[in-house]
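Listed next: structures, encoded as structure tokens.
What follows is chain A paired twice: with chain B in the first complex and chain C in the second.
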Partner chain A sequence: MLGITKDVVTEIGKYYLIALILLIPIPLAGDYVTHVTILVMLYAVTAASLDILVGYTGRLSLGHAAFFAVGAYTSTLLAMNWGVSPWIGIFLGGLMASVFGLILGVPSLKLRGPYLAISTLGFGVIVWLMLINLDWLTRGPLGIPGIPPLPGIGPIDFRSKVAFYYVALAFTLVSIFLLHLLTKSRVGKILMSIREDEDAALSVGVDVPLFKVYAFLISTFFAGISGGLYAHYLRYISPEISTLGESIYILSMTIIGGFGTLIGPVMGAAVLSLLQELLRSYLEYRYLIYGMLIILVMKFFPSGIYGIVQFILRKVRE
Partner chain B sequence: MILEVEGVVKRFGGLVAVNNVSFGVKEGEIFGIIGPNGAGKTTLFNVITGFYKPDSGKIRFLGRDITGMKPNKLAKLGLTRTWQIVKPFLGMSVLDNVLVSIYATKGVISGLNEEEAIKKAEEILEFVGLLHRKEALAEALPHGERKRLEIARALATEPKLLMLDEPAGGLTPAEMDEVMEVVRKVRESGVTVVIIEHNMRVIMNVCERIMVLNFGRKIAEGSPEEISRNEEVIKAYLGERFHVRS
Partner chain C sequence: MVVQPMELLEQILFGLMIGGIYGVIGVGLTMIFGVMRLSNFAHGEFYMLGAYFTYTFVTLMGGDPFLLAPLAAVAVGAVGIAINRLLFKSLYEELKEAKGAAAFYFQDLKFIMLTIGLSILFVDLALVLWGPIPISIPSPLTKHIVKLPGGLSFSLARLIAFVVAIATLVGLYAFLKFTKTGRAIRATAQNPSAAMLVGVNIYKIYDITMFLSTGLAALAGGILGPIYNVYPTMGLDVVAKAFVVVITGGMGNVIGSILAGFLIGLAESLGGLFLGTEYKQVVAFVIMIIVLWVRPEGILGGGRK
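Moving on to the complex of A and B:
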């Protein structure tokens, strides 16, 4: 299906099995480590989803936090106003994020380079302003406290960090695995052809606008689901999750991790989140640091942390 | 006639890049378009292949009106072009470069299964002499091989009419011969070919009929011998002064 052969599934699948085995014992390290790992995983999916746009389709987005926020608010409002189960609400939040992806993706089809960057940036700011100003719906800058947790299954209570950890782990591995398969599929190769040269892709029969829209739909869907999980985990959200700074934070993970590699952004999410934990007392300077890191990576290691890790592995093997 | 072009005009502001050009291409031939720099060859090419919309005129392909149709639709109908400045998908393997054409024209979900698609891509790479490079990234290929990859990628769309924009541009004489050999083989396999070319040796050798453009207008059409004896063409290429003296 879609050019994904059994070989590809087993070849990639084994890495996810290893990751699963390594990540299962994390809660033994205590609540704090579990908490940080949960956030890393949610950011990892968001950064990997952004990579489908930035790294694979060549469409820079400076507003990805908006889709994360749309997913978070959709699921929250559905649960609190209409009693929709968060298990369904999170999925609907992903779909709503895709609708917003469509709203941004279709008009920006013909834009390239800085123009696209500005329009995505503007879109992110619009969503942020909406969340602040539609206070009858979103309570504005106060945010929404008391979001219901994921409903328990039998004796399992997802208010516990450990229980939630395994939900997040399953979600993360499945999402990144699906995105990984996508990049190896026919769709992935067509997206890459658009990244490499839109006109050449058109001339060999690629429906470029259609596949750009697909990329937007898929990318924003996963960002939205991550947002939903985030909301039901922390049980408090505010427009702060959709700021330009947040979008740039996610983009930094994608770029510093190594865009166009999918696994790079996952590494980027881990490294930047740890950095953030270590530099808690210098939080105001963090964008300065991310900015410098992005410039350094783009200049000296365009393939990011992923490229550095591969380079080291190669040296070790020799 | 596989391709009929009728009174095509393309303007850019005050400049008339293509001025009322009409011609037809017969099924199975190699048709050349020549002209000095700025004659409007590439603009005409872009109009036919859907990258520009003509200001007026009609284009028919296989009897069907294709004026203003999108390039990806045309590729699916069987009209595919290559680029003067080659545009390989640099970060992808040679095989993937060709596979994209197959996926795009045959369908991503339906269409060929993966083994068939790869087999077909490999046959095409064999045809242009690049099979031994299939695992390489396109960015690792030298210019001559990129030109052949460009043709392979176009052939993978199964064109009935292949439009080549300066396939020999920037090549050494040896590389040029290789590319021309491929073009002849393409025609033998039943594909009609239209070539824009600067290199007279190439065009005179390989084309059956030639159209000459100058300042956006068609100034001559005929066999290579007729063209090489045509006064207007000599004037356009060598200049008025040279013509008078000779």
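Moving on to the complex of A and C:
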């Protein structure tokens, strides 16, 4: 039904196999590198999930951090208040994020351009305010410390960075592979047709509202799961993870990386996270450089880092 | 909860005062959208720069911030023109060439991201230049208390800020309505190619619009500086609200934005009174959601479908 052939699976699959082989030895580089890579991977999935909305469906969202946060809080609260195993809780967190995606996605169906941008922004602010003000549930601005780690399997203890790294790696590769398959499927092509021309898609019988809602459900689900993993990895969360700044950070990964390519947002997550780490010693000048970078990329390479890489590869081949 | 009538009256007055300021900020944003068809996410930063420029002028030259705020507005307006020429001009040309829904969407995205980058840059620039600690622009007027019958009182500074806001809005309306340049701006907003045909230099109009838009935001920052704190991220706190005002009033609609400014200012003030201050920020978004649901073109109708 999705229109994916075996050929497509094997064709895409081999890249993920290469990525897997390249990423397996990372923990050898020490705890710090492992830690940064874990965060990059969680951000990569979130940015790639946002790409389904922004890049493929043509629906700008300035509130994606809210879904990440909903996933994180759901799994955390389930584990801490009802003893639900994080393995299940993280999945339920993804579903809860999808429910929130529905709450935002359905009323905003008809909105376009800046109207949609501001509505999603407003939604993000409302979720943030809820996390701050519903302190009987979320402990308010203090956040929740002491979140239980992923329960160990046999001798494996997921409190260790190395063990968690492989969970995150598996999650990242599987998620992006699934999103990648989605973009190659019939559904993916329909989403792109909505981006290219909504009215034309409508006129050839595409149920545009339904597919827009699909895009929201899928995108927010993966953001929610990333949030859940994040919570059980750092074992501390606060409303800070749902601020407008976070949403903009995720969106800039997607766009600076190269939206509508899926792999671009992954590159964006890696480059922007590494940049944050590298610029850490410049403290107050950090955002000056960060803002400048966004402006330069948008001005001279609107197709993003992915576009730059392709450009260089083409030059090398010639 | 029992609300005293005097408390209610006080909140209504405060709401109207802050509403006037929202109007000034919103009008600038709506003009950019109406004329250039672009949404400027760095708009709040011009408001912030206006406050800091006023502060710097006051410390350098002495004098009252209310007299120096217009000067700061002109200076920030000049920054606006420079940014318009350096960064945005090529986008207008691309936008003219753009065909199809997707091309417009990409231009929108590019511009939004560009202005987000600008916003991040300016916030950090302010942090580096003026430091992270909130400052207050000294003005003797904040110490003059105006007393109204019935025990109501507020500082003269608030009253002057309100009067300046109203005068600015009336002045802007008159400018757009009755001057030749104002007509040219409205013509460009309606139909850029037709405006060009009748001899309007639209790139000059874009410069003027940018100057007015950023200058108005800066003026609002300058006259609020003595009343509220000035800090690097103050623009971020206001930009979302400015967009709410613009959407509620109808994007591109100047009068709509002014009315929406007052509406949101009032609703926030009363919302703070009845719901508690922690949900004050939600009020604006709730109004916007209702407007988008019931009347997506804004209370007075907007420029773009």
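As a working rule, the second predicted complex is superposed on the first by the 302 of 318 C-alpha atoms of A that agree within 3 Å, B and C clash if a C-alpha of one lies under 4 Å from a C-alpha of the other, contacts with A are read in each partner's own complex, and residues count from 1 in each chain.
Criterion: contacts are C-beta pairs under 8 Å (C-beta built on N, C-alpha and C of every residue); 3 or more make two chains touch, one makes a residue touch a chain.
This structure is a prediction, so every number in the text was calculated from the model and none was measured.
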(Q) I'd like to know which partner A:Thr5 touches here: chain B for first, chain C for second, both or neither. (A) first
Q: May I ask you to decide whether A:Leu121 touches chain B, chain C, both, or neither, giving the answer as first, second, both or neither?
A: second
Q: Applying the touch criterion given at the start, work out whether A:Leu288 contacts chain B, chain C, both or neither, answering first, second, both or neither.
A: second
Q: May I ask you to decide whether A:Ser85 touches chain B, chain C, both, or neither, giving the answer as first, second, both or neither?
A: neither
Q: Based on the superposed arrangement, let me know which partner A:Asp197 touches: chain B (first), chain C (second), both, or neither?
A: both
Q | chain B or chain C, by number of chain A residues touched | A | C
Q | Contact residues of chain A, present in both the chain B and the chain C interface | A | 195-197, 199
**Q.** Footprint of chain B on chain A - complex, ascending
**A.** 1-3, 5, 186-187, 189-190, 192-193, 195-197, 199-208, 260
Q: Under the touch definition given earlier, write down the residues of chain B that touch chain A in their complex.
A: 49, 51, 70-72, 75-76, 80-83, 87-92, 96-97, 99-101, 103-105, 108-109, 114, 117, 153-154, 156-157
Q.
Using the touch definition from the top, list the residues of chain A that touch chain C in their complex.
A. 54, 58, 60, 107, 110-111, 113-115, 117-119, 121-123, 125-126, 129, 132-133, 195-199, 244-245, 248, 251-252, 255-256, 259, 284-288, 290-295, 298-299, 302
Q: Please give the residue numbers of chain C that touch chain A in the complex, ascending.
A: 33, 39, 87, 90, 100-102, 104-106, 108-110, 112-114, 116-125, 127-128, 236, 240, 243-244, 247, 251, 278-279, 281-282, 285, 288-289, 292-293, 296, 304
